[in-house]
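Here subunit A shows up in two complexes: once beside subunit B, once beside subunit C.
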Partner chain A sequence: MNPVQLVTPAGDRTTHAEYAFEGDRAAIESLFRDLVMTRRVDVEAFALQRHGELGLWPPVLGQEAAQVGSARAMRDHDFAFPTYRDHGVAWCRGVDPTWLLGIFRGSWLGGWDPAEHQIALPNIIIGAQTLHATGYGMGLVLEGLVGTGDPERDSAVIAYFGDGATSQGDVSEALDWAAVYQAPVVFFCENNQYAISVPVERQTRVPIAQRADGFGLPGVRVDGNDVLACHAVTERALQRARDGQGPTLVEAVTYRMGAHTTSDDPTRYRDAAEVEAWQAKDPIERVRLLLVTEGTPAAFFAEVEAEADALGARLREACRQIPEPELAELFDHVFVESTIENRQQKAEHIAWRDAIEGSVA
Partner chain B sequence: MPEFNLPDVGEGLTEAEIVSWRVSVGDTVQVNDVIVEIETAKSLVELPSPFAGEVTALLASEGETIEVGRPIIAIGEERQAMLVGYGPRAETSARRRRAPAVAASPPDEVTVSRPLAKPPVRKLAKDLGVDLAAIHAAGAIITRAEVEAAAGRHGERGAGATEGMTSGDGDVRIPVKGVRKATAEAMVRSAFTAPHVTEWVTLDVSRTMELVARLKADRAFAGVKVSPTLVVAKAICLALRRTPELNAQWDDEVREIVVKRSVNLGVAAATERGLVVPVIHGADAMSLLDLATAIGELTATAREGRTQPAQMSGGTFTLTNIGVFGVDGGTPIINPGESGILALGSIERRPWVDENDAVVARWVTTLALSFDHRVVDGEQGSRFLADVAAILRDPGLALTY
Partner chain C sequence: MTERMSMVKALNSGLRLAMERDPQVLVMGEDVGRLGGVFRVTEGLQKDFGEGRVMDTPLAESGIVGTAIGLTFRGFRPVIEIQFDGFVYPAYDQIVSQVAKLHFRSRGHVRMPLVIRIPFGGGIGAVEHHSESPEGQFALTAGLKVVSCADPHDAYWMIQQAIASDDPVVFMEPKRRYWESGDVDTGSAALPLWSSRVVRAGSDATLIAYGPMVKTCLDSAEAAREDGLDLEVIDLRTLSPLDLEPVFESVRRTGHAIVVHEAARTLGLGAEIAARVTEECFYSLESPVHRVTGYDLPYPPSRVEHDFLPGLDRILDAVDHARGLRG
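After this line comes the complex of A and B, so read on.
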């Protein structure tokens, strides 16, 4: 299964029998901007962890095209279920990255309103969000928001997960259910080659996209470092879903250039040569080369760079301004409508906390 | 002056070693420039600077292990304070500082010799208000001790657990803190509250040594450390079944003796930090293999200095292997809150009179048991010690417990 590719690592356009990117140069510039901002959010957050401001950070470095290309193919009323590494997806859905910093600073449990941005909170449980997405998709069907032919109405859902997650029972159940009930779900697998230190060869004997055959849904392999290809493939898959033609499994072949998280040391389990080979397939550089060829002025790149610098500075400042968490607030999030016991426990916690603070003072 | 405290870069790390500084005092850094490489228990990590400005002090040396949260670098103003002996600098360039004797420099910079001291010592001098130029150093470089002596602050140190500080008369004064302090307090409390009785038995443990050799070759025990200590630990657990009084606690407050339900066996380990006694909870319910695994893990953790306080609490009986130091026996002091401690002496080939009155070479060792006479009388103490000895003489007897 050759991955769908529309731009080579050298920045040259290629053609594909089934897929094409439908946008003009301005559209590519817009994607480029999101790629650069996603990387800057990531670089800045990684540094903030090393400054001691964040407890942990899972870097997205190298996977920007898979996330930006797919997320930008969504319509406003589509819904995304991301993992903890999908910072680029959150960015494209208009989520302020400060929310992500707060989660990894341990200052709040989630943050943004999923309904406002049409994106769920990052899922830490590996693969569980594929079930959530399938359930959401079933909800869309039951509410008559699929296959009506009205583009303002028809909606789809996209679930993000990694290569490691494909070994989870949850993912198999989600794929099976979605296929059987033709749920409007795009299963977007970012195959970054490693589940922490376990290589993808230890997850499956066949390409991940090929596993779709067994469940009875189409599987597509796409160059995950090619933002145009990821956009084109995901757009088609989302449209199928909205039209009521069922789910698609997209495998974006990419590479996690950095560590699994800031606590991981990837040099212990992979070669420098392998990392170098993927470095040459950088998802941002190829778009920059393409844009230069197609006549984008140098001022555009300088402008994006300046915008990224400003974003970085803003995030550093915003991170330090995040308020300390109030533990008592946890009780407010247990139930939609609090119970007597829950309110009692909250009161007990506050009394206990005040007793301690009182004795210290 | 902003200082950068060593962050926890890996979810729960407590310390890291400074591997190499990428900047020097006087360098100008931007936010996120790499300033230092550190090595944690998990990996080598480059740290980016959280501040922009001139590096005014490196507060840790290469090779030094620093606790998370301690400042490692100062970036920003207050340059003069760190450069005692210098006049105000004429140049405003942010380049790396050159040696002072440059022809173009103002005269006072040429004539004033800069006192040499490592960055942490300079920081200390600054904190203590000591003028480095006023110190007459014994060597070429002013030491921490000399700064502290100048400040009249003997015996106070920021870091380092074991090395002492030489005072003027050559004596070494070691601050009492950390593990040393905890040990001292515990020993005093035990020695002067629990009336200790110590009993010895010397015995032939050749069969135990045979068992150890057999288990070492056993595939089930591959990967775990099988040692005489393991068999002694098991023997203690078995003997405590018959004499649970040794697995008890004197509760002074309510004047009760609390006979503990399970055996939480402390195993004393000598570490760089000092004596650490990690506890194996529920040792009596463990198979020999589980016990071996638990001892291996706990002693390894202790030797790495990572034993958590919780792992050292709740002990009901302690085993200490002083034989590893090559001695025959001793009178161990009971861990506070327990009623007994068994010391295992060195196991050596000795002449032994066998059942046929022949003198043969056998593996011989001495066990010493100290017990709290408030809790236990000679009868129970002796029975327990004799039981442990009997099992070690003939491990087959374990089947009878």
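After this line comes the complex of A and C, so read on.
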């Protein structure tokens, strides 16, 4: 299965029999902007971790095109269920990156309102969210929001997951379930080649996209470092879902250029040569080259760079301004209707805290 | 208005009323549609409410809970059936890592108004994995509420109240009591969901039970009466949160507390109740809190389950033992 590709690593357009990017240069510039911002969020967060401001950070470096291309193919009323590495997806859904920083700073566990940005909180349990997406899609069908032909109504949902997740039972259940119910789900697998240290060959004997056959849904392999291809393939799959034609499995073939997280040391399990080979397929550089060829003025790139600098400065400041969490407040969020245990233990904690603070003062 | 019906019929009627009242209520599970569930609790619901609201799902418990979570994101209120107690473990991750935490993780933005119905407990001569009591594993999970009905009246009302709850509720149904009939007052629930109640007043000792063991305790109290003993029986009804004020009030009067459950003893609900009774009633206790429970064994083959499960003799022996320490 050759991955769908519309732009080569050298920035040249290629054609594909089935897929094309339906957008002008401005549309590509807009994608480029999101790629650059996603990378800047990642670079800043990585640095903040190294400065001790974050406890951990899972870098997205290298996977920007898969995330931006797919997420930008969504309509506002579509919904996404992301993983803990999908910073670019969150960015494209309009989630302020400060929310992501707060998660990895240990300030909160997610916190934003999924309904506000049409994106769930990132899931750390591998693959669990694919079932949530499937149920969400079943709900869309029950509500009559699929296959009406009205673009304002018809909706779909994307489940993001990695190559390691394809070994989880939940993912197999979700693929089966979505096919059986013809739920409007796009299963978007970011195959970044590694589950921490374990290569994809240890997860599957066949290309991930090929697994779709057994479940009875179409599977598509796309160059995950080609934002135009990811956009085109996801847009087609989403439209198919919205039209009531059921789920699609998309395998975006990409590479995790960085470590699994800031606590990981990838030199222990992969060669520098392999990393260098993927470096040559960088998802942002090829778009820059394409835009230069197609006449984008230098001023545009300077403007995007300045915007990224401003974003970086803002995030550095915002991260340090994140308020310290209050344990007392958390007792209020266990249930909608709090229990006597919640109330008693909250009071116990506050009394203890105040006594300690009083003794210190 | 009072009607006599089995617990199965009471649950079925309660589900039906909840579905009529709120179009967002869905029923999902294995065999719940055309068959009406292996215990017939959902009988007739698919015929009357359609396949969209009463769904026969693939045979995948994690999938049932996981997709129900997704449905709550669209405002639905799924009522899930886990076919048997011992089949819930494939869904354990979705229940404890997702259902229990999503409200908390979202700082209150996400609501998980789903009900996980689990027929539980032994005493029916079943094969392996069909007689277990996993309620403690959910009751110790912050973010889940756990209740158990003991009679048809409570089954009728508690299922409706659980469905109306905006928090996730694990609803434990004592399957060995499914076919026993009782009076159901369809006019009034009488009690809110999160409350325990004294089901038999007495003065000599307090038996504390829930689900299938409430009837066993009531039978024990009747037998003890012949020996001149007057036992109080409390049906906990809600296992998380616990409503222990009626228990404390009772134990302060009787001086003796005996907790009875089918689940294994070590770290079972009896341990928590014993700790709380000790904390609150220490100076009223005339004997240590006793526990009459299943043993710390995987559920045994059914031909010896009567030796494993608490019965009249073991309960009354515990009462004697407790009272023998008096004076």
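In this text, the second predicted complex is superposed on the first by the 361 of 361 C-alpha atoms of A that agree within 3 Å, B and C clash if a C-alpha of one lies under 4 Å from a C-alpha of the other, contacts with A are read in each partner's own complex, and residues count from 1 in each chain.
FYI, a residue touches a chain if its C-beta (ideal position, glycine included) is under 8 Å from a C-beta of that chain, and two chains touch if they have at least 3 such contacts.
None of these values were measured; they are calculated from a predicted model.
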Three-chain arrangement built on subunit A, subunit B and subunit C clash or fit: fit
Angle subunit B-subunit A-subunit C between C-alpha centres, in steps of 10 degrees? 80
Kindly classify A:316 by the partners it touches after superposition: subunit B alone (first), subunit C alone (second), both, or neither? first
More subunit A residues touched by subunit B or by subunit C? C
Which partner chains sit in contact with A:55 here, subunit B, subunit C, both or neither? Use first/second/both/neither. first
Tell me which partner A:47 touches in the superposition: subunit B (first), subunit C (second), both or neither. first
Would you check which partner chain A:263 touches, where first means subunit B only, second means subunit C only, and both and neither mean what they say? first
First (subunit B), second (subunit C), both or neither touched by A:295: neither
Look at A:135 in the shared chain and tell me whether it touches subunit B only, subunit C only, both, or neither; answer first, second, both or neither. second
Overlaying both structures gives a minimum C-alpha distance between subunit B and subunit C, in Å, of 17
So, in the complex, the side of subunit B touching subunit A is made of residues 4-11, 31-32, 42-48, 50
So in the complex, which bits of subunit A are touching subunit B? 43-44, 47, 49-53, 55-56, 262-265, 267-268, 316
Residue ranges of subunit C in contact with subunit A within the complex: 26, 52, 57-58, 60, 62-63, 65-76, 90, 93-94, 97-98, 101-111, 142-143, 145, 165-167, 194, 240-243
Can you check the complex and tell me which residues of subunit A touch subunit C? 79, 81, 108-115, 120-121, 123, 125, 128, 130-140, 142-143, 169-170, 173-174, 176-177, 180, 330, 332-337, 339-341
